[in-house]
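Order of writing sets the labels: A, B and C. Residues in every chain begin at 1.
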Amino acid sequence: MTSQPSTRDGAARFHVKQGTRASRAAAVIGMLLLAGLATLPAWGPPGTMKLLIEFLTLLALAQMWNLLAGYAGLISIGQQAFIGLGAYGLFICTDRLGFHPLLAIVVLALAVAVVALGTALFAFRLRGGYFAIGTWVIAEVFRLLVSGAKEVGAGSGTTILGLGFLGPQARLALTYWLALAVGFGSIALLAWIMRSRLGLALRAVRDSEEGAQSLGVDVLRTKKIVWVIAAVGCAVAGAVIYMNLLRIQPTAAFGVEWSARMIFIVVIGGLGRIEGPIVGALVYFALRETLSDFGSLYLMVLGLVAIAVTLLAPQGLWGLFVARFPVTLFGAHPRLEMLAADDGGPPATSQEEKR
Amino acid sequence: MEWVNALIQGILLGGLYALLATGLSLAFGVMRLVNLAHGDLIILAAYLALVVTNATKMNPFLSLTVVVPLMMVLGYVLQRGLLNRALRSTGVMPPLMVTFGLAIVIQNLLLEAFSADSQGLTAGPIETESITLNDQISIGVLPLLTLIVAVAILVGLELMISRTALGRAMRATADDPEAASIVGIDHRHLYATAMAIALATVAVAGVFVGVSTTFSPSDGSQGLIVAFEAVIIGGLGSLWGTLVGGVALGVAQAFGNQISPAYQILAGHLLFLAVLFFRPTGLLARRTQRQV
Amino acid sequence: MSLLEVERASSFYGDFQALYDISLAVEEGERFAVIGSNGAGKSTLLRMIAGLLPARGGSIRFDGRPIDALRVHERVALGISMVPEGRRIFPSLSVEENLLVGGYRRGRRRGWDRQRVYDLFPLLRDRAGRSAAVLSGGEQQALAIGRALMNDPRLLLLDEVSLGLAPIVIRDLYERLPAISEAGTTVLIVEQNVDQALAFADRVTCLLEGRISLQGRSAELSRPAVAAAYFGV
């Protein structure tokens, strides 16, 4: 992806190139993988599909947290608010309003966007650690409100029945494809954001809020946009998760365990890089499969690993890898490529910009 | 009259909440540390008291003579060994991640050691004794004691901060850690001392929680949220704010409970959100710069 | 044996080398000035002596004893006090509390105390109860110096005390500095203002781009020589 060459007379001419050889290769491999995986409902066992649904939705959630914390500096432990809203939104749309699940997702996405803007009014009055707890309180408020609402089953929760018309196989296939869309989509979304003006603004804000502000970046608006995007992402992922689980309980849907998972995946894998959560999700699932018999011991291990990684390898596993072998698979890697004086000739020099 | 009773009960409840919030407020005031493990440390203290009282058959309040020193040592070691490292880098992430991880570790440690069953500390008749004012209002002795202890601790801390050399050193370090080192303050030791003091208050809070209500390993989150809301409602940078915030929260919850028991916690959250929206600096916003 | 000996010490900010093999010695009771233009490395040198920056290669000795391994607060306990660039007084403390906290490490040394500091800077006595945050620049500078003196230091490091102050305030400040060295305290100042530095100090070192360009007794150095060393002409 390149921009139009600058062609002012007498001035130097340059391209801004975003892709690298590695990123182009990764994009191709990614698309082939996606195509391959999409055929799974035709031949794959349901168990594998369910595992992939879990993996892909968790990956999407982690990418949303990555977007918030790694790029916008917003550390939230309350994203479960939107996961729960996505779940209950799906329920209301399919069971109460009779929408087709795809329409339901569009509708709930819009609704959550509005809600997210509303919560921003409160959350953004706090900073740093207190912002984090504030987001948690907001999630708790939603949990309490929903737990008291008899229309959606109150504290004991409810079951999504409105998808019954699909039949179990079709429902699983649809959920699976949506999970693929959500999982791969989250990577594509972050990559697209990073190559856009929003991404540029985010990187500027990440480096120096004051500096960015003085250059005309509306810091608050940038953060709010990211907040809404992440909220909608979490809600859609939440809807897909519960399309699979079907049974919604407020304490689980709005539980802080979701944040714990998201944080763990991103911290272990690497914050602020798109590839990080992919690595983190793989590690998370590997740990879970090997240690799941050990219950709370497994969670303790997760906590200890998160502490260790934060202190000893703050860039995460992917960060460690990239320190040795610099490569950008999905992120933006903008470089200035100078053109020779004659129009369209081979590039005279190439200057790398550090990501 | 019912509402007067609710007000009184709310103020008394606020004493417990202020007690819960004190350690969080102190840690933030001195070190800018938002300790996400705060609530779980309170529960840990309650379980420590449980172990001590089960082993020695002593009164839970007496067990403080053991639990407080234990928690102070834990606080010093935790800060010196782990949290100081997290605070070294300038980002907000490391302290939050480390304390978040710590919260998970403590919770699950307690779960492994004690199971998920609810526990309680028995302190004898004091739990049910009350002073009757009239036929509609009675004041529980335990809640009253909790409020008195909370006020006493806050007064003590305020005196320590404003009158002693240690308190001056804490305020100076909170202002400018590098300048503080230039006047000879070892900030690593100072932070650890502050955390030890904070966990001493956490120990007291834990015992009072254990006596006042039942507790289980997963209750830490509620404790953190209550403490946090009390601090924000009262206003950052003010120990008195912690008391005011706790009482305001208690009163809001009592009023909510008066409408319907299901609304109690929600009422507290709504007060918090209202303060956040209309007066983000808190009810007792300080005009001067003081952090603690 | 000199009170302070810096021997072939270098200092870095990341990969950038700010000081190259600096060597100097300050005798007890002396008035010593380090001059140089902006970015020459003067403040870096002072911060290195105080312990805020590590000295790479070479060593620093205080009273004959190597202090490279000592952290900042440990050097304060030995009797090294710094008045940092930009004053850095504590805004949430009162004037008097700032002084008191300056004596955090003094132990049982008998020398400078609150009364003597107030005698040196009467304006501080007048403002003792006020918050330090409302003081003017000159008053804050006096407070910062007073705070450092409360440690009853053997060596007082002054980093650019004239920065950001009006000439009349600077003159007033420098009129009081001799009283400090007359009390027996060794004073090492870092100054951009060459006139004040030369007037105050017994010996002078000039830094240029991290290296020593001139050293000597201030009385013996000619103006052209100093100018040449200062600007690197």
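As a working rule, a contact is a pair of C-beta atoms (placed from the backbone, for glycine too) under 8 Å apart; a residue touches a chain by one contact, two chains touch by 3 or more.
Note that the coordinates shown come from a computational prediction; the quantities given were computed from them, not determined experimentally.
Asks: Given the touch definition stated above, what is the smallest step count connecting subunit A to subunit C?
Replies: 2
Asks: What is the chain whose Cα centre is as far as it gets from that of subunit B?
Replies: C
Asks: Measuring from the mean of all protein Cα atoms shown, which chain centre lies nearest?
Replies: Closest to the centre of all protein C-alpha atoms: chain B.
Asks: Please work out which of A-B and B-C is bridged by more C-beta pairs in contact, and write that pair.
Replies: A-B
Asks: Indicate the whole-number Å distance between the mean C-alpha point of subunit A and the mean C-alpha point of subunit C.
Replies: 52
Asks: Using mean C-alpha positions as chain centres, tell me how far subunit A is from subunit B in Å, no decimals.
Replies: From the centre of subunit A to the centre of subunit B is 34 Å.
Asks: With centres defined as the mean C-alpha position, give me the subunit B-subunit C separation in Å.
Replies: From the centre of subunit B to the centre of subunit C is 43 Å.
Asks: Where on subunit C does subunit B make contact in their complex?
Replies: Per the stated touch rule, the residues are 50, 52, 71-73, 76-77, 81-82, 84, 88-93, 97-98, 100-102, 104-106, 131, 133, 147-148, 151.
Asks: Of all residues in subunit B, which touch subunit A in the complex?
Replies: Residues 28, 33-34, 36, 82, 85-86, 89, 92-98, 100-105, 107-109, 111-112, 221, 224-225, 228-229, 232, 236, 262-263, 265-266, 269-270, 272-273, 276-277, 280 of subunit B touch subunit A in their complex.
Asks: Help me check something: in the complex, which residues belonging to subunit A touch subunit B?
Replies: For this pair, the touching residues of subunit A are 69, 73, 75, 77, 121-122, 125-126, 128-130, 132-134, 136-138, 140-141, 144-145, 148, 256, 260, 263, 267, 271, 296-297, 299-300, 302-304, 306-307, 310-311, 314.
Asks: Spell out the residues on subunit B that touch subunit C in their complex, using ranges where they run on.
Replies: The touching residues are 165, 168-169, 171-172, 174-176, 178-187, 288-291.
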